[in-house]
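Look at the two complexes coming up: subunit A is in both, with subunit B in one and subunit C in the other.
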Partner chain A sequence: MGTTTPRSPLETPRAVVHLGLREVADGARAARVPVTEVDFQPPAGGDPRRLRQLAELGEPARAEAIEAANRLALERFMQSQPHLVGVGLAREVVPGMADDLFLHAGPPIAWERMSGPLRGAVLGGMLLEGKARDPEEAARLAAGGAVRFEPCHHHQAVGPMAGLITPSMPVWILEDRSPAGGGRRTFCTLNEGLGKVLRYGAYGPEVLERLRFMAAVLAPALAAALQARGPVDLKMLMAQALQMGDEGHNRNRAGTSLLFRELAPALCRTGRSPEATASVLEFIHRNDHFFLNLSMPMAKMMLMATEGIPRASSLSVMARNGTDFGIQLACMPGRWFVGPAMPVRGLYFPGFKEADANPDIGDSAITETSGIGGFCMAAAPAIVQFVGGSPEDALETSRRMGAITVGRNPAFAIPALGFAGAPTLIDVQKVIELSRLPTINTGIAHREPGVGQVGAGLVSPPWECFHQAFEAFVEHARGA
Partner chain B sequence: MGTTTPRSPLETPRAVVHLGLREVADGARAARVPVTEVDFQPPAGGDPRRLRQLAELGEPARAEAIEAANRLALERFMQSQPHLVGVGLAREVVPGMADDLFLHAGPPIAWERMSGPLRGAVLGGMLLEGKARDPEEAARLAAGGAVRFEPCHHHQAVGPMAGLITPSMPVWILEDRSPAGGGRRTFCTLNEGLGKVLRYGAYGPEVLERLRFMAAVLAPALAAALQARGPVDLKMLMAQALQMGDEGHNRNRAGTSLLFRELAPALCRTGRSPEATASVLEFIHRNDHFFLNLSMPMAKMMLMATEGIPRASSLSVMARNGTDFGIQLACMPGRWFVGPAMPVRGLYFPGFKEADANPDIGDSAITETSGIGGFCMAAAPAIVQFVGGSPEDALETSRRMGAITVGRNPAFAIPALGFAGAPTLIDVQKVIELSRLPTINTGIAHREPGVGQVGAGLVSPPWECFHQAFEAFVEHARGA
Partner chain C sequence: MPESVLVHRGRYHDSAFLMRLSRELSARPGVQEAVVVMGTEMNRELLRGAGFHAPALDTAGPMDLVVAVRASDGKAIEGASRELERLLQAAPTAAPGAAARPGSLVEALRAQPDADLVSVAVPGEYAGHVALAALRAGRHVFLFSNNVPLEDELRLKRLARERGLLVMGPDCGTAILGGVGLGFANRVRRGPVGLVGASGTGLQEVSSLLHQLGSGVSHVLGTGSRDLGAEVGGLMTEAGLELLAGDEGTRVIGLVAKHPAAEVAERLHRVLARLGKPVVVRYLGQPARSSADGVTYTGSLEEAACAAAALVGPATAPALATCPLEDDVRELLSLRPRVEGRLVALFGGGSLAAEAALVLRGQGLEVEEPDRPLGAGAPLPGRAHLVVDTGEDFYTRGKPHPMVDQTVRCGLVRALGAEPGVGLLLLDLVLGDGAHPDPAAELGAAVRSARAAREARGAPPLLVLASVTGTELDPQDANRQRGLLTAAGVHCQASAWRAAVVASALLTGPGGK
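Right, the complex of A and B next:
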């Protein structure tokens, strides 16, 4: 083979290898010329400014420094050891929490720009905290500045969908038990279950009653069980769940089941009445997403370990508040790059349609930021029945995400990809170079407050976030 | 394309399409001729007698009758609705059980021909039942006819590995709740867990102590919980478990987890002390194979629904006693076709090797007979780490088994195969025609009594069973 002379392309005029613009291929096909399509896009979509910037970042010394920073980020990410250590009240355990402070999903936002489901959750929070007697009063007070709003992410916390954390809510407490972790903690509320729930913007009596049961019965029982049992290694549970059809974002049946097994014997021994213990077990059993509120703060903790590494081009946050989508880079923690939250492509529950849907919302994209969720779709082929698509699409999504990430996480192996590790740490350079956005699995909330979930599907962040972040990273890489 | 004239093979002398004997391909390769290998074997290995018999069965009227019978068998199989309804003592609930009767896995066998692990289990059973004071006395009495031995399968029961059921053992009670099921029941012991256990031929004090705990604490608690909760739909649990990385034979972590969730709240409410309930939950939690002893009698029940259909060429039983492998056909229930149990190809625990292994043993091949286990390997890619091979092998095994089965069972969908149903009901005609044996996942027992499990792997039945069964089927098809 080594001796054959390659033909010039000009000698083979009757076939076209198609690398880019669809029109070229269509034209060739119209002329009945055979077309070989190759998944190729010119770097950065051919944008001259981006090409210059990528070339600048690609200069050997700089590229080497960035690569070393990303390797360090991946190393610290993998060294992190998130354990579930307890349950406490937000006002008592979440850093910086205050009686007049409500935390929410996504980047910062004022009441005026809040989406329907986030407003709905805020109304529910006002009622739950006894700050208002009815939804109308709650809305008036919220608009009038009676409470302050800050992102969960500013308080080492995360929350699914609206992501509301109010002072009296119980939260999971996670601790990094690795030597380098320094006892870092992250926090998340307990998952309420399905149907009409606060995180999807519902705030009716049944929503508030459930939240009160969770604070009065569920949380103290779980706290006592964890105290008796000792910490639960969440990476271990997540790794097992990925072998059992979960991807840790839209499918959490295995994680929930494994956590249930870990906690049930200790729950029996908390000294509660058998009926109280049974009611706690039934609450968890009825909700296959119970583990989501642990996979999220687990992801947050591993990503916090990457923050503050100069020149690291990996993302440490992706989060949405229902109006805006925000991302952060590991090399400049705390700085948001924001664009509009996008519509979700997915399947709707009977009776609902696309026009009912709020744009993308929730901190749960922290799972994709950490390499699970949409990035591990190949681990959860059953999920395609829930968000649309085929099992082959699930494999393809995980493969495609591999190209925009820093590396593989062998601790989270995907069986259907020959036990390859989860594609981990999104690299803003690669997103720009390949013009390929992250794929996120998500639930869909109704756009009006008070309704709840209407479907589930796939979504990507807006390009704005990545272009801003890339510009900032180029600046940062010059200065660092 | 329709207008091109196919070339004669003689016009293309420089390429070989290889359909059979490896030597042909090797010869062609040696002559540097391109070889295209196709997975092809001549029908029935080219055996003239088998070809005549297949032709006879293939006569239109007869073939149609057989096909209709197999369709009916598959229909009855799928209509069966196995539910877990209770726990009872073998002597009180297993039909035909008696105080001097020990049930065992596989086809009938006398003490003299029993393998080491089966003998070990019998010794443990003698001690457990108080029929002997020490293993020596137990062996003397067992050899002297102090107890009778019969297959579990003769009593609507199944047992993993040695499969011993003695009169005082607790057993799961399953009931067919379909209209056509007529309240049919099947039975299986409760799974003991890992390590030194009776089913692998161990009979030391810790084995007997565990069996006594199971009878005194575990079984009554489960019985009370099931009475309070009501029946558990096992097909529903199995279908979910197949979406969660189980295949229902060598991997049962998901099934065990889902069952645990179903039973835990009811267990709390049985009026036992919290400590007793916790000890029961911990016993189940420690044993990821707990669900195996339910997937087996579930499979047995669905297969019993196929028994007695004239002309059905599907298998209703595959079972091994450690010495012999026996199969039964749906059209002639109760008649065994027996050959020697085969060595298992697999991975060994540290310190053990092939020479330590007993041949294939246990009724658990009832799972493959029902389309799960090895036939659903594609649902459990993680299992290849346990039995050897790659995830691609797992997919291939499920595909290959599809060719020797009557049809697909949509109730048991395999995500990695685009949600295709489990390949179900092994057709003795297809096994002979394609010269392809069923693949069975299995544990490996030490060949000496008293040791226990030494590994896990893959095994096939001996050809003898299928040749005898096929001869009998040809006779049956003539007469029927």
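Right, the complex of A and C next:
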């Protein structure tokens, strides 16, 4: 919204924006001045307390300080240069990782409150790490405190769905190569593919076997290829993928293909047998979501650049553990605002229905937090059935999200919106003011451990998170 | 009498739409009262005041639709509920294929970055928020909403002053900016007189009279009714005056306002004297005072219009002069030497009502301005002459303004059929964009019906006087409206002030009292 020098009110207005009782703008219409009518809804749902708080935040001096902080956040976000630099073992590269530590998606949670898919993933992790011989023992040990649980987000990491990271798992290593980035790193596991997979809570033999292949064959090959090739600029890949029909969350086909092109020649030069090389390339080729585990830590890295800016009202984290949904604000990093994870409105695979679905789960909402995923729905017409069917709905979703964000990210341009940048950095003030929650694209996990993915769709965070965060922000803005 | 209160969660509609629903439901047979409102604190209080005490009421929030119906029997209530559902289903939605309306001011300004002005007519408790956002986006604000807290007004106007922006309102009825009318504005010729004012109908009256006098207006800047109060201290009045002082197209400046605080009036005089252009002032409800320093203080809106027109040059088309006041009075007195009984004046324009009360009191007549709504059919209060502003808050709370919807006023007119003690009825008609499309037809019919009722009872005839504020360019066409009134046996006067003067002459008899 450009703040230009106001024209004199005595000049004939070029256009008028009108809110409320229609007849009041009749004179302007009669004079053929274009009148844009707003579909008015009471701010903050008409809640008097919220209105008072919004007025307080709207005091010019305070509002300007907040705006300046948000501009700085957007600037730092855009300056960040996430590059894929390598692959390593979680225990060796993830800060604070320990042999008895399992990382999971979303805000902190104890075993007792974990949902089915997260428990399933933990069981698989126990088996994979050799801490238990069978699922029953694994469950007993997990319940008995044999391992500690902490959020991926507490360790500069993110994980899709259950988001489980155990010490022996290979992880992507991303590094911020911008001068201001200070070599910041983020981490994410490698994507297992679709079907029965650990991240959806499956822990059968085929799941574990695949994870072992990934650690033994896939990861070393990718590490060697990256070493040979040098860092991959992920923002550039993401920008291209957005122009090729991806939104970086539920559709990663283009990103995966682009990554494949980047890695294949280097992989061939690592001196592996043709069969070993082919098995790696095939693994990538068969998994349209391979790139998701790079778009996520990329988003995490850019958002970390916004953390610790006083008065910034933007979100730096949205994450779910299958039981709770948690968000964080850039101005108070590390503090969770938590509410119940919501059911996903979606489409189900044959044989499954809503009753089978677990509530929302995974760190992948970090993509929406960074302006891609559901916020870039307009870039991904191929998956519009998730938002209600028509490409127009997809455009509308991206437009609607533009009203609750701080600004646009020109690095991620959306062709269908006239190459407008992705709506970026969710502003908790605007969410409250417009009573409009972020739209998140997501997969749906079965509620029972061991089954896997049953569908995909759309979800919004619970209001609780935003109300708590807003209250805290009002307090913060007073003190800062 | 059975009643029902239903709360529909999360169904927001704007108040104009809901008023229409309330009216349509109330008109159903057997329904005594139907109120459809959003469940804001104010509206819930309003419903309790109207005798609705259902526990469901306490659970309603500002986004919940509350439907309260009182009716003769359960069947009527049921019918009203069904009709409501039908009307809600028929609520206007964007035509398929049409671009969706922006869901917020920010989105609208993104879609229409050229907008210089944001016009706000949403409920008062939300208006401040929207107006502040508009100012922060660097836009002038026309703030039609009333019931905006004073602290919001102060915050808005201080910020506007700081940023070189104009906040017209809150409770701003009219403005004409560069030839474009907002709110209730008359279509008047462009001309050399610039007006600033805290009175919507006062500004409409002066601008329409200037048009009738062959002159016209450069701009009309409304400031909202509280601008000249001690708290706001004339922030926007001064801003408006400065703008007009610097405007090439403005040769004479007119100021119309209600009761300025004494210290504000004093300070304002110094401001007016320094504008470098002749100024004509009308402080409503106050007699003329001595003029000085190029500032002319007039005694009526008509006098203000005539003085301004005279200042801009040779007397232009003397529309008012050809019809001198004395002729009007003489003509009417020839019909009847003196009106028997009391006067009831039913105004739609608040400033016009105040002016009429001043004229009548000036003639020594005892005038009462009731502080609660008159009920159609209920006996009239007291014995004094009554001057009623049907645009007062207690008439319009939850209902549209009489300039848009004359249901209440016409009801009161018809009720005079059973009031033989009333001999004279005084009315105003305020036209312009946004106003009722054909008010004279409705009022004329109400007058006819009252007269017929009186005739049937053998009551003395009812003399009716009216003024029409507007021009022949208005969508309602002032001439056509006068014609309709005349055909209904209503005597039209050239201005509201004249109508009041004639009324007082008729009440006091030949030669005054």
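Simple rule for what comes next: the second predicted complex is superposed on the first by the 437 of 480 C-alpha atoms of A that agree within 3 Å, B and C clash if a C-alpha of one lies under 4 Å from a C-alpha of the other, contacts with A are read in each partner's own complex, and residues count from 1 in each chain.
The rule we apply is simple: a contact is a pair of C-beta atoms (placed from the backbone, for glycine too) under 8 Å apart; a residue touches a chain by one contact, two chains touch by 3 or more.
Source: prediction; values computed, not measured.
Visitor: Once the two complexes are aligned on chain A, which partner has more residues of subunit A within touching range, subunit B or subunit C?
Guide: Of subunit B and subunit C, C contacts more residues of subunit A.
Visitor: Answer with first, second, both or neither: which of subunit B and subunit C does A:Ala254 touch in the superposed model?
Guide: A:Ala254 sits against subunit B, while subunit C stays out of touch.
Visitor: After lining up the shared chain so the two structures overlap, which partner does A:Glu112 touch, if you call subunit B first and subunit C second: first, second, both or neither?
Guide: After superposition on chain A, A:Glu112 lies in contact with neither partner.
Visitor: Is A:Gln243 in contact with subunit B, with subunit C, with both, or with neither (first, second, both, neither)?
Guide: In the superposition, A:Gln243 touches subunit B alone.
Visitor: Touch test for A:Pro42: subunit B only (first), subunit C only (second), both, or neither?
Guide: second
Visitor: Which stretch or stretches of subunit B touch subunit A in the complex?
Guide: It comes out as residues 240, 243-245, 253-254, 257-258, 260-262, 264-266, 268-269, 271, 274-275, 277-279, 281-282, 285, 381-382, 385, 390-392, 415-416, 418-419.
Visitor: What residues of subunit A sit close enough to touch subunit C in their complex?
Guide: 1-28, 30-31, 33-34, 36-43, 45-48, 51, 54-55, 58-60, 63, 396, 399-400, 402-403, 430, 433-434, 436
Visitor: Flag every residue of subunit C that touches subunit A in the complex, lowest number first.
Guide: Against subunit A, subunit C makes touches at 12, 14-16, 38, 40-41, 61-63, 100-123, 125-126, 128-130, 132-134, 136-140, 142, 144-145, 152, 155, 159, 162-166, 176-183, 185, 187, 218-219, 221, 243-244, 247, 404, 432-434, 475.
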